[in-house]
Every structure is written in structure tokens, then in C-alpha cells.
Amino acid sequence: MKKFMNTAETMVAESLEGFVRAHGEFVVFGAGRKFVRRRHFTPGKVALISGGGAGHEPMHIGFVGKGMLDAACVGHIFTSPTPDQIVSAIEEADTGAGCLLIIKNYDGDIMNFEMAIEMAAHRHRIETVIVSDDIEAGRTGEGRGRRGVAGTLVVEKIIGAAAERGLPLEELKRIGDRLNGRIRTMGVALSGVTIPQIQRTTFSVNTDEMEMGVGIHGEPGHSRQRLLAADAIIRHLCETISADISILPDTKALLFVNGLGGTPPAELYLAYNAAHRFMEERLVHVERALVGTYVTSLDMQGLSVTLALLTDDEIALWDSPVATAALHLSP
Amino acid sequence: MQAEPVLVLGLIEACRAVITANTDHLCALDCAIGDGDHGSNMQRGCEAVSAEGAALSKLPLPDAVEKIGMTLVMNVGGAAGPLYGTLLMEIGRELRARDGTDDFPTVLKKAIDAVARRGRSHAGDKTLLDVLYPVQDALAQSSTLIDVARRAELSANLTAAMKAMRGRASYLGDRSIGHVDPGASSCALLTTAICHYFGENHRI
Amino acid sequence: MKKFMNTAETMVAESLEGFVRAHGEFVVFGAGRKFVRRRHFTPGKVALISGGGAGHEPMHIGFVGKGMLDAACVGHIFTSPTPDQIVSAIEEADTGAGCLLIIKNYDGDIMNFEMAIEMAAHRHRIETVIVSDDIEAGRTGEGRGRRGVAGTLVVEKIIGAAAERGLPLEELKRIGDRLNGRIRTMGVALSGVTIPQIQRTTFSVNTDEMEMGVGIHGEPGHSRQRLLAADAIIRHLCETISADISILPDTKALLFVNGLGGTPPAELYLAYNAAHRFMEERLVHVERALVGTYVTSLDMQGLSVTLALLTDDEIALWDSPVATAALHLSP
Amino acid sequence: MQAEPVLVLGLIEACRAVITANTDHLCALDCAIGDGDHGSNMQRGCEAVSAEGAALSKLPLPDAVEKIGMTLVMNVGGAAGPLYGTLLMEIGRELRARDGTDDFPTVLKKAIDAVARRGRSHAGDKTLLDVLYPVQDALAQSSTLIDVARRAELSANLTAAMKAMRGRASYLGDRSIGHVDPGASSCALLTTAICHYFGENHRI
């Protein structure tokens, strides 16, 4: 697949620079360009920091700003950031109330964040929330389990709103951990992705096939299937999600259809329509909706469906104002 | 036996060379069951270490090895960075604590255990540990350099039959079976390159 | 290229339904589902109505809401809406202050809007603004000239803000016409698109080629060229744009990099970075930036660069609050 | 001569059939120099008219033709909707004004001029006008049905050599040369189908 790029080595840095240039009202680079931070911190507020490999834009940089993250560290493509990036972000963003690190559940991310914590813990109060919203189905359960995927946005938004209200570090961690258990995401891909460094596709699928259960790193999913009509695909995603989480009658939910990079808005809305119908038939009250390209896997054609079961308090936090490059809600 | 500065520089170059020659191969292995970046990650680490070669060669061996580990941690990222970084940092620290290289297998054992703790992983999980443990075992049995290298390569190949329990490949479940683990492969390549270097330079 | 769809016949309607379901806080369907309208009209405000074929989502439906459009009519894929849709929208949206129709410069769109005006003119005061921001280069100049492409967003935003301030119909038309002459857009495609009705690609390009000067209907551009590095592509777009518009020293501008559907945010930001550098070297003051997938050509891999030269008044209108599905600026 | 209801239904069906058989072909022509929808647009229009066949067949011919035009306008969209719609609406109105079909070439001439006004276009712009004008000319010269159809097809093919000055193809500039205009092609297909229908049914 073709890309707008100059060299594989410089593409992440160039893209980041473009992002910061375009969104100077929200963000600036942190020290040494090791991370992207809010233009203005709020003293006394717990600092929320996230990060991960590049290739998932606008996550996380697009979620930096009032109401959401304080800083985001970006690694190379699909490669978690290094501990020094994370340490620098902690040092700059912590205004005294401590730091909450929001980490997607990947061995690489966890190890790099852990090393950073070991380096910074003597000078900062640090807690972590590990997001693992991916469905379990199709895997064995013996392994490390669920990946952190599109549901990360939901966690960052809701903790972000809570942090803005001045809640303390431990309380924010509690909110995040509780919420994480009530979010499920499943993805499907119509194409693999080309890793720019090596001009190689992670996998290729025939025109009549799709890859079910993919994450956001261009990796294969848990099964290759025949390409179906959108309604059938969405039904499968929604059924798998629903089977993987306990939905009580009259549960309130946020339904989120996320594009993986190469799928245009029109198709995402069509998919949302099918997902919404499915959930309402199951008596899930879809109270809030989100449709868009927020958590990508380079230019993968595909999408994920996320269901987040929310309490009334969490819905209020979801509705709180946020002003970032990628998510915007007015007061 | 070589002087330490020459040794350090020689090993750095030997490792850099083998990774550079296999970057694409390692990425291809990672494409099959991961995210396709293992070769680039390792190469970035090797380049960063090479760039510090002059400074490193002036340090005592334990300090040099620990510093190499830190450089890997700060430049590689992903899973490979903390894992290889921890390995070398711990080897350096153990070497320093023991004030010499006389019991390298024990040094290595401690370092590998640190890697396993960092990765919360075990032998049989289809990771670079499945090369590190056998290599350590071979060294403990005073195998020849050629046999150590052979054992490393064989062990890497054996990961093909395993189901991944850690790292990105674990998300594939049974679909991970049949593919060699990229981290195991890089580990075998590095082991072989190091053995070859010592062999050529009449050390051990 | 594969798509998330059920049948070609139903895909536009299903996608629209998903859109309205997801964005019920901003929009509802108009009578007979012939158009999408604001949930609440502002009596006494001039009604702004736009429309066009489907396949450009989120335009125009994503721009319906406070601060921008009052209603948007959607046709079949790449097919302008029919006059009865437009007449219905006029009838419902005109609260007495008249209607301004914002039309992209295509023969089909113009003819359908004209027929609608002929049908509704005896009951409504109606004016039009025809957007034609496409560059002229590479074409002959004898034909109908410039297409209306991504710059339409800029026109709709700025007229939208002016309408919200209560400006009268004629004044809004003047603002729109003046502004249109100061906007230029040029597009480039790395892939053609598949027309769902016929499962046929409009054009195909080799992996080492690109199509320069494309619009937003999957049509070929004015030349096929060798694929270049992003910097060279962007330089060509920016040079062509700059040569096609008179830029006085210290001109203030909005720079807008728009994705055509299949190009992910990371690449758009990289392109923005190159475009921004180019413009600053030419002493254009890039006062405002927009980067994202706003005006699409189905799932085309590609992007367009838009330069809009703005007066201080227009910048203030650009900054005015807007609350729509696709564009959001807080007060 | 047939009764008008049968005539109207017959013509509607003849047109629908030829467009349905050529939908993909017309879209392919439109892919080359436009946006690939001309076939689907025309088909949608024909289906909408067919669906109203029963009601239409009860109307006097001028009213039926005008109504068909309106149905096209309200269902086709794009460029084709207003253009074909205007053509038929104007034919209907002219027929009604003249109270009969006795001078069809003049009726047609007026309607084509209305199409040209609607499109702000002229002969030679590489549009359906480049078939309509020659067809009108052939009718005015009382050519045989076979000759009218031949003239239509020939004229459509001649658009290949033209550079488009109107419609989406005009954005291609010189690149539009070498391709038959989709609207001209649909117009020739319809003309041929209508001529054939009259030929088969011994009318004119």
C-alpha cells in the first residue's frame, strides 16, 4: 500500500511536528520533543499520561488537552515509547498531585512503563491503569489475555474528566480499573497494513476474505473468514462482545464504532447503524455514541466496535467538556 | 586474550553486523505473528550502541555491558528494548559484583532470571527465553563455542512448535504455532555471532 | 476495494440513518428523510442549505448544526440530490429570513439546485453561493472551470458563523462570493475508488504512480505522475495553488489538509507539516490550521491541500463557535 | 397506429430494457472520464418511470411525456436527471401547445434548445446534445427510422474525438479525448430503441 511519506526513519517525527503545528492551541512539545503535552498544565491536578507506539493516530496525542490527557509519549511505529520518554513526561507534567499512567495491555508497553516508574518512583507518586478492552474469545485464556485497543479512548476521556474535577490519584485509579472491566472491543480487518520500515505487509487477505479479531498493530486476528455483508460482520462482532461481558437488563452504554485508518466515515456510520440496532434489540440502552477514526492501525481497512457499560456518574464524566485535537465537547 | 576495549568494540560490531544482515528476516518473522518491527527495533538498538562505541570501550567491561543495556532500553522500545536491556544491564551488574568473568554461566543465569521477571514469562512461552535458557545450559556444561551456537539455533527453531503465551504472538492463540519466534531468532543470531567472534579471536 | 456494506442500493440510506442515530444531539431527518436538518432552527436566521452526492462524508451532513448549516440534502453516490429534496429542505428550513444555497460547482449540482429554485422561488427568498475552489492549472480554461471541493467546508463555516450573527441574506451571499475567490484546493490520489453500484474502479494506478489534480468523485486528475516522496508531492500541490491565486506579502491564511477517505491521520499530519513549511517560506502567515478527513471521495487514498486567504473578519468568523458532528469549536 | 396507452407503455419498456442491458457499459464509459454513475442513474430513472407506467398510460400523450420528464427529474439526480427530464418535460409541453404530434421535429428542436439552456451547453461540447441535434436533424429531413438510429450511433461515436467542455469530463481537459461521452451513448441507445420500437410496431 502506498503512503504519503519521505523516509521510514523520519515519518513519525514529521507527522508529530505537523500535529503540533496544526494544534498549537492545545499542545506543545515537551522537553527534547520526547512527548507531547498540554500547552498549559493545571497545578494541583493529577497528571494523566499515556503513550504507545506510533501508527495509532490520533490516539494518544489527539487526546491531549483540557478534559483528557496531560501528556502523551509516542514511540516508533508499533513500538512502545522508551522509559526516558515516559520519565521526562512524568517530570514535566507532575505538578504535585501525582501521575496516573494509562497503559494499553501489551507486554512491551507495560515493561517500558514499568521501567520508567522504577526510575521516577522516588520523586513522584505514580499509579497505573492498564486498559484491556479487547475480547477474550477465540483465544485460550491462558496467555496474557486482552489487548488494550479502542476502549482506551473511553478510559482516557472518563478519567480525564474526573481528574479535571480535582479527584485524587487513588480515586482516579479506582475509577479507571472499575471502568476497564466494563468495556469490550472487537475488531475486523479487510486488509493488512504495510510496515513502512520494511515495505512489507503484515498479512494479506483475498478480496473475498476478512480477518476477524484483529488488534491495532496490523497483526492477524484470531481467524480468517469469508467476507460477509456488513450486517453479518457487525452482528458477529456485537454477539462476541455481548457474550464476553455481563449485560444486565436496562444497562446504559456508550457504543463506539472506530475506523482503523483506511475505512471512510460513510462505512463507519453504516456499521454504527447495524451495531446500534443490534444493541437495542438486546435491550442495551445506547445512551451515547461515538463514530470516527480515533484509534488506528496505520492505514488498515477495518473497524472495531466498542461497547462500554456506563454508570450515570460515568455518563456525566463522558459528557464533561473536553478540548483536544481529536475529541471536542463544549461545556 | 584481547584487551577489553578491543573486545567490546569487536562484539558490538559483530552484533550490529548480524542484526543488520537479518533486519528484514526478523521483521518478516514478526509480521507473521506480531507487528513486523522486531528487526527494525533491534537494528535501531545496535546502531545506538555502535554510536557510543568509543565511549563504551573506555569503560571497564562490567560498566560497558551495563551501559549497553541502558542504551538498548533507551533506544529500542517495544518488548525487545526492556528485555535485551535488562539482560545486559544485569550481566554488567553481576560481572561487577563478582569482580571478574570467572563464572559466566552463573552471571548469565541471574541475568536471564531478571529478564523472565521483567517479562513475567517462563521457558516454553515462545520467547527469547527459549534460546537464552538453553544457551546458558550449554555454557554451564562447558560446551564448545560451536555447540553453544548450534544449541541456540536449534532452540530458536524449536519455538516454531510452541504456542505463544507472552508477547503479541500470544493474541493469536493456536495460530502462533508453526512460526519461529522473532525474539528467539534474534537471540540465536546474536549468540552465534558472539560465539563466532570469540572463536575467531581465540578467546575462552 | 472491499467495503463495509450490505447492498449498493441501501448503503447511502443505511449510512445516513447511522449518522442521524449517532448525532441526535445535533441533527434529525427532515420530512420524508429527504434531507438532514438541525434539531432546532433559529427563527429569523437565514437558512443555510447545502447538498450533493453521497460519498463525501462527513460533508455536508457533518456540518449541520449551530454555527454552520441548517440542512443538507444527500443524493445517491456521486449523484447530486434531486430538486424535490432541495425544495423540501427550503420549505422546512426557511423561517422567514430566506435561504442561502451553498452549491459545489458541478453541472449536475447546479442544474438540480436551479430547478429547485425555480420551483420554490415564488414562496421563498433564495440566493446561491457557488463554491469553485479547485485549481485551474492543467485544464484549458475554456471549460466550466473550477470544481467545488474541500474549500466548501471553509465557505460553509464562515457563512455559517455570519448567519448565526444575524446577517441578512444578501450580505451572506456577498461574504460567500468574495471568500470563494480567495480559496484554492488541489488534490492527489494514490488509488482510484470502487463505485459500489458496479464494483468497478474509476481508475487504477500502479504502485509507483499517482494521479495529480483529482476532485472528489473518484475521477482521474489532470495527469498521471510517478509517485514521489511526500515533500515533493506537497510542494507540487502548494506551488500550483500559490501560482493560481494572488498572495500579497503578509497575507493571512487558513491551511487545510483534507483526507480523501483512505488516508489515515498520521499521513495527513505529515503532509500538513510539509505544506505549512512551504507556506511559511513563501511568507504566508498560516493563522489557522485544519487537518482531517472532512471531504471524501469514497475510500480513495489521497489528500487535498486547501489554502484560504482570510481577512481578520473572516478569521473571527472561522473562530466562532460551531457544534456539528464533524466540526466543533467551543465558544 | 397503436392506441396511446399501449404506445406509452411500450416505449417505456423499450427504454427501460435497453438501459438495463447497458447499465454497466454506461457506467464504464463514465468511469473513464467521469464518476462512473451514468448507467445507474439512467437505470434508476427508468425503473421509476416504469413503476408509474399504469398511471402514465391513462394520461393524454403530452401529459404522459411531461410527467415522465418530471419523474426523471425527481429520481435521477446528477446531470442526467435535469437534462433528460427537461427534454421530456419540454416535449410534453410543446406537444400539448401544438395539440398533436404533427410537427415532431420542431417540437424536438424546442425541447433540445431547452436542454442546452439548462446545461449552458452547445453542440460540440461532448455531451448528449451531440446526439440530440443530429437526431433532430435526421428527423427534420424525414430520414428513415433506420437512418435516424444510425445517425444517433454514429454521432455518439464521434464524441470520442471531442474534448469535453461541459460536465465532469471537462475537468479532464485533453485527457477526455479518445473516450465516448456516456450521456451521448445513452442517448444513442435510447434513440435506437425507440426507432426500433416504432419500426416493429409499424408506426410513423
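The first chain written gets the first letter, and so on, giving A, B, C and D; residue counts start at 1 in each chain.
In this text, a contact is a pair of C-beta atoms (placed from the backbone, for glycine too) under 8 Å apart; a residue touches a chain by one contact, two chains touch by 3 or more.
None of these values were measured; they are calculated from a predicted model.
Here the chain-to-chain distance from chain B to chain C, counted in touching steps, is 2.
The geometric centre of chain C is 31 Å away from that of chain D, both derived from CA atoms. Once the centre of each chain is set as its mean CA position, chain A and chain C turn out to be 29 Å apart.
Chain B and chain D have CA centres that are 75 Å apart.
Every pair of chains meeting the touch criterion is listed here: A-B, A-C, C-D.
Interface of chain A with chain B (complex): residues 53, 75-84, 106-108, 111-112, 114-115, 134, 138-140, 142-144, 147, 195, 197-198, 200-203, 215, 217-220, 222-223. By the touch rule above, chain B contacts chain A in their complex via residues 23-24, 27-28, 31, 33-37, 39-41, 44, 73-83, 85, 118-120, 163-168, 170-175. Residues 1-7, 11-12, 14-19, 21-23, 54-55, 57-58, 62, 190-191, 207, 210, 227, 229-231, 233, 261-274, 276, 289-291, 293, 296, 298-299, 301, 303, 321, 323, 328-331 of chain A are the ones that touch chain C when the two sit in their complex.
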